[in-house]
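Shared chain: chain A. Partners: chain B in the first complex, chain C in the second.
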Partner chain A sequence: MSLLRFTAADLVKAPSGRDARRRRADRFMRGIMFVTAAIAVVPLIGLILYIITNGLPFLTSQLIVNSPLDIEPGISNAIIGSLQLTIASIILAAPVGIAGGVYLNEFASPRVSSAGELLIDVMLGTPSIIAGLFAFLVVVPALGFSGYAAIVALSVLMIPIVMRTTQEVIRLVPAGVREASLALGIPVWKTTIFVTCRTAASGLLTGVVLAVSRGLGETAPLLLTAKGTNDTEILNFGSTMNAMPIVIYRYSSSPDSLLIGQAWATALVLLVIALTLNVLVRFRTVNNRVA
Partner chain B sequence: MAITKENRFGFGRGIRVDALFRILFGSAVVVAGILLAGVVLSMVVSSLPVWNIQTPLSFVFGDRWAGEVTQPDGSVVGNYGAFAVIWGTVVSALIAILIAAPVGILAAVYLVEFAPRRLAAPLTFLVELMAAIPSVVIGLWAAGDLSIRLRDSVEWWVASTLGRIFPWLAEDPEAPAAQSVFRAGMVLAIMIIPMVVAISREVIRSVPQSLREGFIGMGATRWETIRHVVLPAARVGLTGAVLLALGRAVGETIAVTMVIGNAEGIPSSLFLPGQTIASKIASNYAEASTPTETGALAALGICLFAVTFLLSLAIRLLVRRAARGGGQAS
Partner chain C sequence: MAEEKGKKMKRSEANTVGSTNASKTASPAARPAGAAAKASEGSLNLQNLEVFYDKFRAVNNVSLNIEPKKVTALIGPSGCGKSTLLRALNRMHETIPNATVKGTITLDGIDVYGPLVDPVRVRRVIGMVFQKPNPFPTMSIFGNVASGLRLAGASSKGEIAGIVEESLKKAALWNEVKDKLNEPGTSLSGGQQQRLCIARAIAVRPEVILMDEPCSALDPIATLKIEELIRELRTEYTIVIVTHNMQQASRVSDSTAFFSMGEDRGGYLVESGLTPQIFTAPTQQLTEDYVAGRFG
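On to the complex of A and B.
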C-alpha cells in the first residue's frame, strides 16, 4: 500500500529554494510520523516489561493455588471467581448476542435493522461503570453485592460485542449459500442455523472470545457488584465474589508490600490471559482475510 | 417467502417453526433493548430523590459535593454539585484527545503510507495488542511507573517554564503532587491511541490509490500528497475515529481512578489531583447508604451516559452522511 518509492519531487537534482524547502518538509514530516508510530508502541513495551519485572518474583505456585486466608496467601479464589463470572455471563450473553445479530441481518426490515444497529452502537459506547451502576442500582438492592449482580453488569457489556461481531460475519456469508439451501426445501430456521451460522462459525467464536476477554478484564462493574471477598466458596453467586481485576485494584493501594507484589503478579496473569486470547482471535481473522 | 398454505409434504409445520424461530431470534434484540432501557430507567428512577431536594441546574453547575444540608428551618436541601467532576472529566478527556488524535492519525498514516511491509505488520499488531490490555493493568503500570516518569519529565519541565506564567500549569517543584489530572489525561491518551490508529488505518487505506498517484504525478512530495489529498479524503472517517476515542476517554474508570487522585473540587492547576464522573462513582458507591446519596451517583451516571449517547449519535450521523455520498470518505 506504500506509495511509489520515488516521487518526481525526489528526482529533481540538487533542488534549490522552494523545492529544497518542500523536500525538507517531506523528510521532517516523515520523521515526525515515524516518531508518532513509535509513541504508539513504546508504552506497550514499557508496560509489559514493568509488569513482568515486578510481577514475576511474586508469581509462585502458592499464589495460584492458595486462597487469601491461607498462611501463605494466594489468589486462587480470584482466579476461580473470574472464571465463574465470565463463563456465567457469556452463557447468558452469547445466545442473546448471536441470535440478535442473526436476526438483524437475516430477518429484520431495514428500519428495524437500522434501529438495532443504533442500539448496538449506543450499548457499545456505554462506559463499563454505567453497566456496573445499573446492576448496583437494580440488582444489589434486591440480592445484595453478589455474583448475580456482576453477571448482569458483565452481560450488558458483552451482548453488544457479540451482536456486532455476529452481524459483521453473518453479512459476509454469500447469499448463494442460503439460497442453495432454501432451494432444497430446507426450512429457514434450519438454513439459518446449519448453513448460515455454520459457515460463519469461526467468526461467531471470535465475537464470543472478544466478549470473554472484555469480561475478564473489567474492573469497575465488578467493584460495584461482586465487591471482592476472601471467601473461597465455588458457585456461590448469591454472595460477594472475588475476581482478578478486583484483587489488582484493591491490593495495589494496600500498604503491605506482599499484597502489592501479589497485585503485580495477578496483573501478569491477567495480562498473559488477555494477550493470549487477543492473539488467538487475531490469527483467526488474519487467516480469514487471506483466504 | 410467499409460501402460505399448508400442504401434505409437511412444509406447513416448517413454516410455523420458522415463524417461532424468527420471534425467538427477534426477542434477543428486544432483550438487548430492554437492558439498555433498564440502564437508563434505573438511573433516572434512582436519581429522583435528588431532584426532590435540588434542581438539575444546581446539580450540574454546583461546584461543591457537600451532600444534604439541613436548613435552619428544618427543611433538607440537596447540595450535590457535579461541576468539579464534570470539569475533571472534560479536561482529562481533552488532554487525552489532544494528544491521541494527532499521534494516532499520523501513526496510522505512517503505517499505511511509509512503513515497509516488514515493519508495518508487527507495528500494527503491537498497537492493536495495546487495546486488549485490561484497564486495571494499565492503571497499575500507570500509577507505579508511568505517572512518576511523567511527573519528573514533562510535568516538571512544563511547570518550571510555562508554569511560571500560567497558574493553571504551576506545580510546587519541591513537593509535586502524587497524582494529577494531567497524568490521568496522559494515561487516557495512551489507552485511546490504539483505537485512533486502528480506525484511522482502515479509513486511510480506503482512500483510492489513484488519487495519490495523480497528485504525485504532478510533482508533489509524499507529505504534500498526504496533507492535500489523503487526509482531506479521509476527513469524515478520521473524525469518527476521534469521536469514538473521545467516548472511550470520557467513560474510562479504573485506570483514571488509580492516577487522578480523587480529590474534591476543581484543582487550581492541571498538575494537581482531581476527579472525573466515572472515578467519583467508583470511589463513592461504597459509602452511598441513603436514597439521596445513591441518587446523586445515579445522577452522575445520567450525565456520563448522556455524553456517550450523544457521541454515539454524532458518529452515526457522520457515518450515514458519508455513506450517502455527502462526505468525502469513500
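On to the complex of A and C.
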C-alpha cells in the first residue's frame, strides 16, 4: 500500500496507526474548542446567576414602586429616570446616527466617507467617561447637573453606534435594489428612504437597540451629569435625575446591607429590561424578515 | 379622468419647452388604461453617441435608429459596451460616478439629455429590466408592482389596484400570483421574479423598455416564457434587449445591432439591420464570424 494513494481494497483493511492518530487529533481539537467556548460562556452564566441569587431576595414590589424617600425605600425614581434619559437620548441619537450613516454610505465622496468612518471608529473607542467629561465641561456649567447634560453625554455615546450599524446594514442592501428603484423613475431621496432604508429596516432597528442597551448601562457619564437624586423627576430634565446605574454604584459601596442588596436587585432589574428589549426586537425582526 | 388630463397637459408642457416636435410625446403615465398607444411613439435615435467612464471611452461614435414598437437586439462580445449603451438610453449610467455622455439621444425627437430634462422623468418614459431579477425584498408581489406608482405619488388606491392587475396580466404572471399578492416578491421563482420585474416596469407605463440580458440568470423554460412575453409586449412598447445568446436575438428581435470592441477597448457599432439580414446575410465579415460563433 502506498502512503499517498489508496485503492478500493484499502478501504476495508484494518485501521492503521495513522488512522488512529488522526482520530485522536480530531477528538483533541474538538475538546479544545469546547473548553474555550465554555471559558467564554461560563463566567457569563455565573455572573447572571450571581446577580439573580443576590438580587432576587431584595426584589420586592415596593422596591420597584417606592421611591428612596418612602418609608420602605425603593428605586422607582431610578427606573423612571433611566427610562426617560435613555428614551430622550435615543430620540436625539437615532435620527442623527441613521441619517449620518446613510449619508456616509450613499452620498458622501470616498474621501469624506473614509474620514467619517475614522471619526466613528475614534468615537466608538472613546471611554464613556470622556463623553461624561465633555457634557460636564460644556453643558453642566450652563445648565448645572441635569438630565440635559446626561442626554448630551449619552447621545454622544449612542450616535456612533447607530451610525456604524446603519452603515453596515445599508452596505448589505444589494445595488440591484437601488437600481431597480431609480430605473422606475423614483427620485433618489425616495429611493433612499422607501427602498434602501426600508430594505435595511430590521438592521437599523438593531443598531438603535444596541445603542439603547449601551445607554441603559452607562454609569460614569451619568455620575458627572445627572448626578443622582432621591427625588422623582418626571420630564424635568433641568434638574438632577436618578438612574439605575447610579443607584448600583452608590448603593454597592454603602455599608448598609439593605442598600447593598438593593444594588443587586437594581442590577437584576436593569438586566431584565435590557434582555426584554433585545428579545422583543429579535422577535420582531425575525417575524418581519422577508426571505 | 380629469386628473389624468391635467397630468397629461403638465407633462407635455414640460416636454414642449424648446422643441417643436413635442406633440408626439403624450405622457405615458397619463395614458388611460388599455388605450392603444400611437404607433410612432417610442422611437429612439442615437447620433454619434459616446459614453465615457472618466477618460475611458466605453462606447465609440454610435449612430443608430431604434424603431418604435419593435424589438431591437444589441449583440456582441463581452465588454463591447452594449450594457453601457443601454444604460445611457435612460440615463441610468449617471448613477455611476464619473460616467459621461457625448452625442445625442432623442426619444420621439426630444433630446433626453436636453438642459430642461430631468433624468428621473426620462426613466419613467424609458423603463428598465435588469440581468438579475431584483424585486424589492421587503415588498409584497402587489407592493412591488405598485411601487413605481406609489412612490411617484399621484394615483389613487383603486387606480393602483387596477394598474397592478393589468400589469401582472401583461407580464403573464397574473394567473400564477393572483391568490398570493401579499406574499413577498422574493418568494417567487427566478423566472417569476423576472416577470414581476417586467410587470413593475410596465406599471409606470413607459414607452420604451430596456432589457439588460434579462434571461441570463434563468433556466431554459423560464427563458422561453420571457421570450414569449417580449414578443407580446412589442405591440405596445419599444423594446431594446442586450443579449449574449444569439439564438435568443434571432428568436425575439426584429432588428439587430452588432457591436465589437476596438483596439482602444472602446465598443463600436459594426452594423445594424433587420435581424434575418444580420444573421443570414451580414455585410461585414466580423458580423458573419460572430454570428457563426467563430469568436466572442
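One rule holds for everything that comes next: the second predicted complex is superposed on the first by the 237 of 291 C-alpha atoms of A that agree within 3 Å, B and C clash if a C-alpha of one lies under 4 Å from a C-alpha of the other, contacts with A are read in each partner's own complex, and residues count from 1 in each chain.
Just so we're on the same page, a contact is a pair of C-beta atoms (placed from the backbone, for glycine too) under 8 Å apart; a residue touches a chain by one contact, two chains touch by 3 or more.
Predicted, not measured: the structure shown is a model, and the values here were computed from it.
Of the two partner chains placed by the overlay, neither chain B nor chain C lies in contact with A:G207. When chain B and chain C are set side by side, the one touching more residues of chain A is B. Once chain A of one complex is fitted onto chain A of the other, the partner contacts of A:G215 are absent, as it touches neither chain B nor chain C.
Of the two partner chains placed by superposition, A:G74 touches none, neither chain B nor chain C.
In the superposed model, A:G116 makes contact with chain B only, not with chain C. Using the contact criterion defined above for the overlaid structures, shared-chain residue A:L184 touches chain C, although it does not reach chain B.
In the overlay built on the shared chain, the residue A:G176 is in contact with chain C alone; chain B does not reach it.
By the touch criterion stated above, A:P245 is placed in contact with chain B alone, chain C being left untouched. Annotation: chain A residues 185, 187-188 touch chain B in one complex and chain C in the other. The touching residues of chain B, counted against chain A in their complex, run 1, 11, 14-15, 17-18, 21-22, 24-29, 31-33, 35-36, 38-39, 42-43, 46, 102-104, 106-107, 109-117, 123, 125-130, 132-141, 143-146, 190, 193-194, 197, 205, 209, 212-213, 216-226, 244, 247, 250-254, 257-258, 278, 281-282, 285, 294, 297-298, 301, 304-305, 308-309, 311-313, 315-316. Contacts from chain A toward chain B in the complex involve residues 1-4, 7-10, 22-23, 25-26, 29-30, 32-34, 36-37, 39-41, 43-47, 50-51, 54, 95-100, 102-104, 106-108, 112, 116, 118-131, 133-134, 136-138, 155-156, 159-160, 163, 185, 187-189, 192, 213, 216-220, 223-224, 245, 248-249, 252-253, 263-264, 267, 270-271, 274-275, 277-279, 282. Within the complex formed with chain C, the chain A residues making contact are 174, 176-188, 190-191, 194-195, 198-199, 201, 290-291.
Those residues of chain C that touch chain A in the shared complex are 90, 92, 95, 120-125, 127-128, 130, 132, 134-139, 147-148, 151-152, 184, 186-187, 197, 200-201, 204.
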